[in-house]
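Questions regarding the structure given below will be posed in turn.
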Amino acid sequence: MTLALDALLALALLALALGAVAGAALFRSIVMFIVFGVVLALAWGRIGAPDLALAEAAIGAGLTGALLLVSYRRLVRTTPRRTPRSRPAARLALPLGLLSAALVLGLGASGFGLEDTTTAGAGTVAVPSTAGQAVLAEMASLPLDNPVTAVLLIFRGYDTLLELTVLLAAYLGARLALGGSPPLSARSAPAALPMVGALLAIVVPLSALVSLHLLHAGSDAPGGAFQGGAVLAAAGVLLVLSGRLRAIGSAPTSQRLLLVLGTLTFLGFALAARLVGAALFTLPGMWAIYLIESALLLSIALTLVLLFAAGGGLAWGRE
Amino acid sequence: MSLLMMSGSGAVYLLAAAGIIGIGVYGLLSADHLLRKLLAMNLLGSGVLLLLVTLASRGGTPDPVSHALVLTGLVVTVSVTAFALALLDRLYRETGEIRIDAASDDPPDPADPADAKP
Amino acid sequence: MPSHDALALLVLAPLLAACLTVLAPAAWRWLPVVGTLVALPVLLAILTPAVVGGGTLVLALAGHAAPLGIHLRADGLALLMLWLVALSGGAAAVAALRSHPPASPGGGYFWPLWLLLLAGLNALFVSADLFNVYVAIELVSLSAIALIAAGGQADALRAAMRYLLLAMLASLAYLLGVALLYAQHGSLDLYQLAAGVAQAGGGPAATPARAATLTALSLITVALLLKAAVFPLHMWLPQAHAQAPGPVSAVLSALVVKTGVYLLYRLWLWTAAGLDTAAVATLLGGLGAAAVVYGSLAALVQVQIKRVVAYSTVAQLGYLMLVFPLVGDPRAAPGAWMGAGCQLFAHGLAKAGMFLAAAALVHGMGSGRLDRLAGADKSQPISLFAFGLAGVSLMGLPPSGGFLAKWLLLEAAWMQRAWFWMAVLLLGSLLAAAYVYRVLAAAFVTPPAAAPGAAAPAQSSRGRPVPLSMSLPALLLAMASVAMGLWVEPLLEMLAIGPPPSVGPMPALGGRP
Amino acid sequence: MGLNDIASTLLLAVAAFFYLAGTVGLLRFPDVHSRLHALTKADNLGLLFVCLAMALLSGSARVAALLAVVWLLALVASAVSAHLVARRALQFDPQAPAPAEHRAEPPA
């Protein structure tokens, strides 16, 4: 029964991926991709990765989808030039696609074969302890119960710090690439509509609440700063779409502070550890984790909204 | 949790990951529109991340390190995608182009504006 | 300051500075930038004696040893690259301070990205963790591509977009390889993986473990070849490097493409050191040889000066690939290794200098075309001299660093009677001489009397003076690349710390055919 | 199989029926407005029955309350999006009489 469910999800994933890639209409492809993200979130849940399910739904499907859609709308204002599709790359596409699928499948299958031998011969062959097992073994000695959060902040916090800077670089790079041109205002849903106002009144506070909950829950249950930040960003995206927030050319100081707050806080704790004689990136306790995660959440949310709005900063209201 | 993680469903998602990667590669090569290429790139990325988790959770226990890696990968992917879309936006505004031949050798030398003969 | 902290700060200080640059008011943005340019050499001056005296330095972040945590690691090769970042990156930054003033509106985005690029490069060179390297690669690619697009001209945007698509694809291939390796061996540490890779890859043919390990290595290799723009995956490079703003081109050619080469060294000379890699080494060497010949010939026919320099990068990266076959012979390995290190360093200095000089020439003459350079000998003496000096190093004329590198590689090839690699090395130098000469010759031509129909203003045919902040960094870098040949002992001493297992003093490890 | 299970299975079956009806409507109805009508009404009911079934299965008041919130949110979201889609459709084709019941023949 469960296998049937998994098979159904897998089939849906493949069908949606194919639809996203092979469909004739670009808009439809993007919608397919968004649905693909939602189904993939379900799949993450089935694989035992609820953290990833939340992140995929919020980031992979939600924000990436919103980004693609808003970009689509900007590009399709005028009809794109049609170009012949008989390029050599296009002719190679099908065989190469099949080849890579077969290759990955073969390797994955061989990986599964290996698993059987190692688990069977665990007594005789020294099975290498994986990083994941090492983390699970360490969990008992940590003040938090979610191993994924532990990896993100305690064991591989350095990765997380660099990842934040990638996000920051995306914002800076997008600003540099867009040049001095004024930000494109996302004119769409009329904010004056009473229904939209009602939706915002319900959804925005609720999103803030959910993101705080995810942040708080993240130490012991699925969730964390990234999921929370993405949910908060979704509320921001709604505000931008409805015209309550608008993109402006450059960020005021308060927003610039917010943009780098996560990186600075994390960096501060990483370095401060040396002042008390601990190793770099050693966090002093749960309070530090909460503090860092709160800062991360705010920075992530603002950066994602700014990337969506294609603006340097945000301001309330219409021009 | 362990019931869900029996090798059968692991194999199913492995199959799915392989398929998604294949479709992603196909889409990347066959797509003309840059937005489509980026979409295919995101699909390919999803396939790779799915494979990472599926392979790492061999033996049925989910591997928290792989989950953390994928979370990082998701954020990196959305960052790069957002930047790419901004770049595409500017490219479109400057040139009106929405396609690019990524595999070609560099184009012939553009004429220097200073050389334009009257 | 303990040397461990200096190691971590080499990454964290530019990160901090980038955040401060975002925060600072426009008038004060220069401060974190200049602070970083000063801090990097100082930190290296603390770190270098510790590594040279005490051997390879390993720092487990948060006190968690691999595979649980991430290691930072500084050996001779890493140190060499870090110095290159500090020197080439620093000199290019001085030129960029002029062309992209920090106080300008764009400077608020340009300079944080520049600092993030430096942080990413340093992070990549000191990382011992495959996934951490992935994040660092993304940081480097993203900031580098954004800096290419900074100009905003259509050609720069096209080049940036093409580079970005290929970089994304390469990153995914890399990540797929990492996923396979992690699933197989349960660790992400480059050096811990070596044992597992040797066991799985050296096993009997056609076991699943062997297939998965070798495929993972090939995927990562292809990804890195693309990042390193090794022939025939170089197609994105000439446009990207030629269209970027001058100082950015310098950093791209001197440092960013080197990340791919550097990681290839790490992968094949450390992680996969336990495998019989003779076939792979020959393949990589063959690609390198093709790159030397193709890149040099292509540089010979370019019309734009920056494209000459860009194709020269394709060629010079080829030399770095020749190391793989040459370290195969235990007698020749140390020499080949030293040669590779010298080539990395000398090319990094010379190419950054050459791009800065080219940018200054383009700025001064008002055009990037070779046939518009006529008269540059009079109006742009410093830039032209810097270009020529850098060219001396690229050709490999004594006493330059490039000469030393090529000499060491030639000697290694001679010792194992590898005539083919020797021929490639010599041919490459000859062709380099030709394309550098072509630029110089174009500059020493007396400008023709203004043709009656020429639309170009009279000023551009004569050239205008360029600020010293543009030409002087170029000259300093070019001089450093030449002087390096005279003062090479510290470099060789550094390279001797933590060489690859196949090169190291332990002959038992190096005796593979 | 307890009473709970039987009841929840029945509820799920009802939900499936409404989803099916909504989907058929989406595919078969001629224009945007009647499609919206099928989609929002039938699917919201379907979701209601799914939530009821899940609440029964979980047997916990907390989960039931959360599911109620989920349903209400979905209700709000679908109401607003249906409203916006309908408006947009009107803007696109202002001549077409929007509500389906005013029209005898579906447009070609």
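Read from first to last, the chains carry the letters A, B, C and D; within each, the first residue is number 1.
Just so we're on the same page, a residue touches a chain if its C-beta (ideal position, glycine included) is under 8 Å from a C-beta of that chain, and two chains touch if they have at least 3 such contacts.
Treat the numbers as computed from the prediction; the structure is a model and nothing was measured.
Colleague: If you tally contacting C-beta pairs, which pair wins, A-B or A-C?
Modeller: Most contacts of the two pairs: A-B.
Colleague: How many angstrom lie between the CA centroids of chain A and chain B, rounded to a whole number?
Modeller: Chain centres of chain A and chain B, defined by C-alpha means, are spaced 14 Å apart.
Colleague: Where the CA atoms of chain B average out and where those of chain D average out, how many Å apart are those spots?
Modeller: 34
Colleague: If you average the CA atoms of chain A and of chain D, how many Å lie between those two points?
Modeller: Once rounded, the distance between the two centres reads 29 Å.
Colleague: Enumerate the residues of chain A that touch no fewer than two other chains.
Modeller: 104, 109, 111, 130-133, 135, 155-156, 159, 163, 166, 169-170, 173-175, 177, 179
Colleague: Going by the touch rule set out above, which residues of chain B reach two or more other chains?
Modeller: Residues 21, 28, 51, 55-56, 58, 65-66, 69, 72, 76, 79-80, 83, 87-88, 90, 97, 101-103 of chain B touch two or more partner chains.
Colleague: In chain C, which residues are in touch with two or more of the other chains?
Modeller: Touching at least two other chains: 131, 135, 138, 142, 145-146, 149, 152, 157, 160, 176, 180, 182-183, 188.
Colleague: Report the complete set of touching chain pairs.
Modeller: A-B, A-C, A-D, B-C
Colleague: Using the touch rule from the top, collect the residues of chain A that touch chain D in their complex.
Modeller: 189, 193, 195-196, 198-199, 202-203, 206
Colleague: If we count contacts the way the header does, which residues on chain B are in touch with chain C in the complex?
Modeller: 21, 28, 34, 37, 41, 44-45, 48-49, 51-52, 55-56, 58, 65-66, 69, 72-73, 76, 79-80, 83-84, 87-88, 90-91, 94-95, 97, 100-107, 109-110, 112, 114-118
Colleague: Note which residues of chain A are touching chain B in the complex, please.
Modeller: 2-3, 6-7, 9-10, 13-14, 17-18, 20-22, 26, 29-30, 33, 36-37, 40, 43-44, 46-49, 51-52, 55-56, 59-60, 63-64, 67-68, 71-72, 74-75, 78, 80-81, 83, 85, 87-90, 92-94, 96-102, 104-105, 108-109, 111-112, 115, 119, 130-133, 135-136, 147-148, 150-152, 155-156, 159-160, 163, 166-167, 169-170, 173-175, 177-179, 181, 184, 224, 226, 300, 304, 307-308, 310
Colleague: Which residues of chain B touch chain A once you look at their complex with the stated criterion?
Modeller: 1, 3-5, 7-33, 35-36, 38-40, 42-43, 46-47, 50-51, 53-59, 61-72, 74-83, 85-90, 92-93, 96-99, 101-103
Colleague: Can you tell me which positions in chain C touch chain B when the two form their complex?
Modeller: 131, 134-135, 138, 142, 145-146, 149, 152-155, 157-158, 160-162, 164-166, 168-169, 172, 175-176, 178-180, 182-183, 188, 235-236, 238-239, 302-304, 307, 366-369, 372, 453, 455-456, 460
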